[in-house]
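Both complexes below contain subunit A, partnered by subunit B and then by subunit C.
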Partner chain A sequence: MSDRVAICGMGLLGGFGAGRNAACRALGTGGGPNGAVDLGNMEGAASLPAYIADTTLLEQYLNKRLLRRVNRYSKMALLGACLALEDAGCGIPVASDRVGVIIASGYGALSTTFEFLDSMINDGDALASPLLFSNSVHSSAASHLSILLQISGPCLTISQFELSGVAALMTAYDWLADGAADAVLVGAVEEVNSVMSYCYDRFGESTATGTMGEGACFLLLRRETDAVNAQACLERVACPEGSQLKREPGATLVVGDDGQPCCADYYRSLDPGISFASRYGSLPSGQIFDVAFSVLAQQMGIISGRVQSIKADKEGKWGEILIAPRTAPARETQFMDESHV
Partner chain B sequence: MDVRQKLKRIIVEELNLEDIHPGDIDNNAPLFGEGGLGLDSLDAVELAVLLEKHFGVAIKDMAKGREVFRSIDTLANYVEANAVA
Partner chain C sequence: MEHWPRKKEPVPVTGCGCLCAAGKTLSETMDSLYAGRRGNISFEQVVSTHPIKYPLFALPPEFAPAGYSDAPECERCGRLAIAAATEAVLDAGFAPDALKGRRVGVCIGTTVGSAMNNEGFYREFRLEMRPDVEPIRSFLQANPAAMVARAFSLSGPCMTVVNACSSGTVAIGEAADWIRTGRCDLAIAGGADMLCRVVYNGFISLKITDEAPCRPFDQDRRGLNLGEGAGVVLLESTASAGARNAVPRARLCGYGNACDAYHPSAPHPQAAGLARAFDRALAQAGIQDRDLAFINAHGTGTPENDAAEGHLFSTRFSGIPFSSTKGYTGHTLGAAGGIEAAITIACLEAGQIPGNAGLRTPDPAWEAAPVAQTTAIRGCHAISDSAAFGGNNGAILFERGNP
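Our next item is the complex of A and B:
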C-alpha cells in the first residue's frame, strides 16, 4: 500500500460543542472550559473547571431506545463516530465487515467504573450490578459501536495513557497495510467525573495549567490509494526510540502539552509549538484531537503545509504524527467495501 | 408500596426504560421478547440481582427463573411467596 493513510472524515465533540463547525469556532476563539465538576468529597460544594461534552445530538443518529444501556462514555464515542461517518458522507449504520474500529482511551468509562465499585462496596460482590460491570470495561464503547453501527470488522480498544492515540493510529496503519480492513474508525474517548476532579485537587494536578477535559474525536481512515475524499493524509505515525525529536523541515510543530506537569519538561525542551489543548482540555488520548484540529487549521488556512504532532508521556516516550494537507480537490464520496460501492 | 408497583418502578428505573411509565406496564404483559417490554438476557441477569437486593429473594434455579420472569404478576407472586418476613 501507499505509505500514507487518508483521513476521509472527522467527528469530534467536547467542551467546544459537537461537530466540525463547533470545533472551527473553538479554533478561532481559543476555547476554554465550559463547566465544572464537583469534587464529590465530604466538604461538598467545591468544584474544578472542566471541558464538558454534550451528547444530546446522538439521538439524531440512533433511536433513543437503542441507547438505554449505553452510558455517557459510550454515547460520546457513538456521537464522535457518527459525526465522522457523516463528515465522510457515509451512511449510518455502516453494515460492513471491511470496516474496523479502534478506540484509544487513557481512563476508560470512569463514571461507570466507580459506580460499579460503589455497588460492590454498598451491596457486596454478589449483588454488584452486571449492567454496570458490562459498561465499565474499557472495551464497552467499541462494542457498542460495533453493534449499533453494524461494524463487523476488527474491533480493538487501546489504553496506553498519553500514547493511546498514537498507538491506535499505528494499529490502524497496520490493519490497512495488511488488508485486515478497508477503512478504520479510530477514536479517542475520555470522560471526567467527580473522582477525577477530587484527584486533580487532592494530588496537585490542579496546580498545573491543565484543565480536565472530556469528549471524543474520531477519524475515518482509508488507504490513500483507495480514498476519493481525503481531507488530509497521515504521512508518518510512530513512537520513535530515544528522546531526541527530529524536527520535520517546514512542518508546524503541534505539541500535546495539556498542562500535565509530568510531561511539561519535555515540551519545554522542544522548539516552541502550537497547542490545541485550550480547545479540548487535558486528555491522555488528546493526540487524536490534535490531528483533527490540525487538519481543521490547515483547511481554515491557520496552518499552511504539514503538521508534526508530538505527544509525550511521563516516562519520556513520545508519539509522532506527520499530517499533510489535502493536495487534490475533494471528490464525491465513495466508501465501503466493493459490495457497497 | 405494593409489590407490583415497586417491581415496575425498579424495572423502569434500574433497567433505564426511559420511555416507559411504570403505570403503563400491564401486570400480565410479557417482560421479555417481542410484544412486551422487550427485555433481554442481560436485563434478566440484572433483574435477578435487583430482586435479591430489593426483596432479599434469590432465584437459584434457572429453569424456574424462566417462569418467574414471565410477567409482573409472576414476579410479584414469587416475591410474595419467598420474601423474608
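Our next item is the complex of A and C:
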C-alpha cells in the first residue's frame, strides 16, 4: 500500500463564507474579518472584529427538525462535514461503519459551556439544563456527526490547542494505514463568543493578538490506493522532536502564524512562508484550514508543487504536514460495513 | 491489501499506576477491591444548592498529590495524571527523569481537564466586573497531556482525548498504535478527571445519579456516582522493553473504537457500537470470545448503560465472568478507562476479579450477572470497555504478561 493519504473532499466555513467557492474567493481577495463580537457589555467596551461563520446552509443537507437540539458548535461541524462529503461525491447520510470521525478543537463548545453555567447561575443548581450539559462536552460535535450522518466507525475528539489539527490528521493517517477505517472525516471546529472576545481584549492590553476566528474545516481522507478524484495527498503528518525545522526541498512553506504572540518568535525564525490566517482568523486548530487552503491554492495555481505546513504551539512544539498536489486516480471502492465482508 | 480489522502486534505494558477514592496506588486500590471495600465516599466534596446531596467517590486529602489542593482548579486533572504516570514510570523501572531524551509520547483522556468552565471567572464576567484573565491563562497551560509531557520533559507526540467517558480507554488504544507505527518507543497513556460542581450539577440534571452508593447491574440501580482520579499505563515497544530486559506486566493485544450512531445521551439498547468495539479488539488480538478470562465492564449503574451491557454480555459472552469496579471508584469519567485498564491488568496478574460492589439482586432482565464476590479466573486475556455520551464506545484487550 502507498503510505500516502488522499484528500477526496473538503468542506470549509468561516468568515469567508461556506463552501469551496467562498474559500477560493477569500484566497483571491486576501480575506478579512466579516463581523464583530461584543465583550459582554463591559462598561466602556464595545466589540472586537472577528471572523464569523454562518451555518444557514446546513438546512440544505439536513432536515431542520433534526437540528432543533443541535448547538452552533455542532452545526458548524455538521456543515463542514456535509460540504466535504458533497465535495467528494459521497451521499448523505453516509451509513457506514467503515468511516471514522476525528474532530480537533482547542476550546470545544464554548458558548454552550457558558450557557450551561448561565442555567446554573440563573435558575439554581437544581435546575441546570440537561440539554446544555450534554451538548457542552467537546465530543458533542462528533456525536451529532455520527448520529445524523449515520457514521458508526471509530470516533475521536482531540483538544491539544495549536497542535489539535496535526494530532487529528496524524491519527487519521494511522487509521487508514492500518485499516481501522476506509475513510475518515477529519475536521477542525472552533467557536467564538463574548467571553473569548473579552479575553482577547485583555490579552491584547499587553501584546498584539490575532483576530478571532470561528468555523469548521473538514477533509474526507482515504487511502490513496482507494481514492477516486483525489484532490491532493498527505505525504507526511508528524510532530517532529526538536525545534529545528527541516525544510522540504522545493516545497512552499505555509505557516500557521495567526497573530498569536506566543508562537510569533518561532515563525519569525523560519524562512519566509505564506500564512492563510487572514482568510479564517486566529483559531487553535487552524492547521486543518491551512491544509485545505493549501490544496485550493495548488488547484488555483497560486502554489505550484508541494506544501510544507507548519503550526507551532506556545511551548515550542510544532506539527508538520507535507501536502502533494493531486495524483492520478486509482480504483473506486464503496464504503462497506464489516458485516458485508 | 486486506484492510479489515486484523491481528496486530501486541504492545507490552511495562508499568501501571492509578489513584482513586479506593486507593492512592494501584496496589492499595486492588487491596480495597478484593476486600470488597468501597472507596472514600463524600457528601460534602462539592458545594451545591441542590436539595439532595449525592455521594461522590472523592480522593481523601492524604491521597492527593503534593500541592494538589492549592493548585488552580484547572490544573488538577493534569496533576492527577502526573501522579499516576509517576507510579507507572517507577513501576516500569525508570527513574522519573530517565525518560527525558527518549522517544516518549503522552496520550491522556479527560473530560473536565479540557473544559473552560471556570465558574468564578464567569460569574464576574456576567456581572461586568472585568475579571482578571489569570484563570484563562492557567487554563491555557493546563492541558493534561501537555502537563504530563512537561513534568517528564518529553517531546514526543502529545494528545488529549476528549471523547467524554470513553476517553481513557480510547487514549490507551490510540497510544498503542503510536508504538506500533514507530511514532514513539514508549507512551504514557490513560485518563484523568476530577470532581467539580459544574459536572456534578450536570449529571444530576440528566437524572442519572444515584442518591445512594451506586449499584451497577442491580435490578434496583438508580444511576451513577461521580468519582475522581487517574489511571495510566506505560506502553513500550517490544524492542525497547527487550533492550532493557523489562518484564511486561501485560500486553495490549487489541483495541476497538466504534459508534452507536443512535442518540446524543443514551446508549444503543442492544449495544450495537460496543459490540463492534469488542469485535475489533478481539480481531486485533486474534482470539475468540470464549478465550476471554473476564470483562471489566463499564457498568456505571445507570439503567440504560447497564441494560445495554447486560444485553451484550448475555447474548454474546454468556459464561464469561464480568464485573464493574465503579462501585469502588465511582464513575471517574475520562479517567475511568485508565483506572480500569490498570485494574484489569492487576486482575490478570492476580488471577481473580473483585466482586461487583453494590450488587444485591442481579437484574433478571438478562441471563448474565456480574460476579458478586472476589472470583478466580482462568485464562490470560481480558477486555476493559467504556461507553460515552453520544454513543462512542471503546474496548481494550490485554494479555497477562506471563501467559
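Keep this in mind: the second predicted complex is superposed on the first by the 319 of 341 C-alpha atoms of A that agree within 3 Å, B and C clash if a C-alpha of one lies under 4 Å from a C-alpha of the other, contacts with A are read in each partner's own complex, and residues count from 1 in each chain.
What we mean here is this: a residue touches a chain if its C-beta (ideal position, glycine included) is under 8 Å from a C-beta of that chain, and two chains touch if they have at least 3 such contacts.
Bear in mind the structure is a predicted one, so any value in this text is a computation, not a measurement.
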Partners on subunit A (subunit B, subunit C) - clash or fit: fit
Which of subunit B and subunit C A:D125 touches, first, second, both or neither: second
Partner chain in contact with A:D271 - subunit B first, subunit C second, else both or neither: neither
Touching partner for A:D174 - first (subunit B), second (subunit C), both, neither: second
First, second, both or neither for A:R65, with subunit B first and subunit C second: first
Per-residue contact with subunit A, leading partner among subunit C and subunit B: C
First, second, both or neither for A:G108, with subunit B first and subunit C second: second
Where subunit B and subunit C come nearest after superposition, their Cα distance in Å: 6
Subunit A positions touched by subunit B in one structure and by subunit C in the second: 69, 126-130, 134
Residues of subunit C defined as touching subunit A within the complex: 1-6, 8, 48-51, 103, 111, 114-117, 119, 122-123, 125-126, 128, 130, 133, 136, 140, 143, 145-146, 150, 155-164, 170, 174, 177-178, 180-181, 183, 197-198, 201-207, 257-265, 272-273, 276, 279-280, 388-392
Footprint of subunit C on subunit A - complex, ascending: 1, 40-43, 69, 97, 101, 107-108, 110, 113-114, 116-118, 120-121, 124-130, 133-140, 142-144, 146-147, 150-161, 163, 167, 170-171, 174, 177-180, 182, 195, 198-199, 202-203, 223, 225, 238-239, 241-242, 314-315, 317, 338, 341
Contact set on subunit B toward subunit A in their complex: 15-19, 42-43, 45-46, 49, 52-53
Residue ranges of subunit A in contact with subunit B within the complex: 64-65, 68-69, 123, 126-131, 134
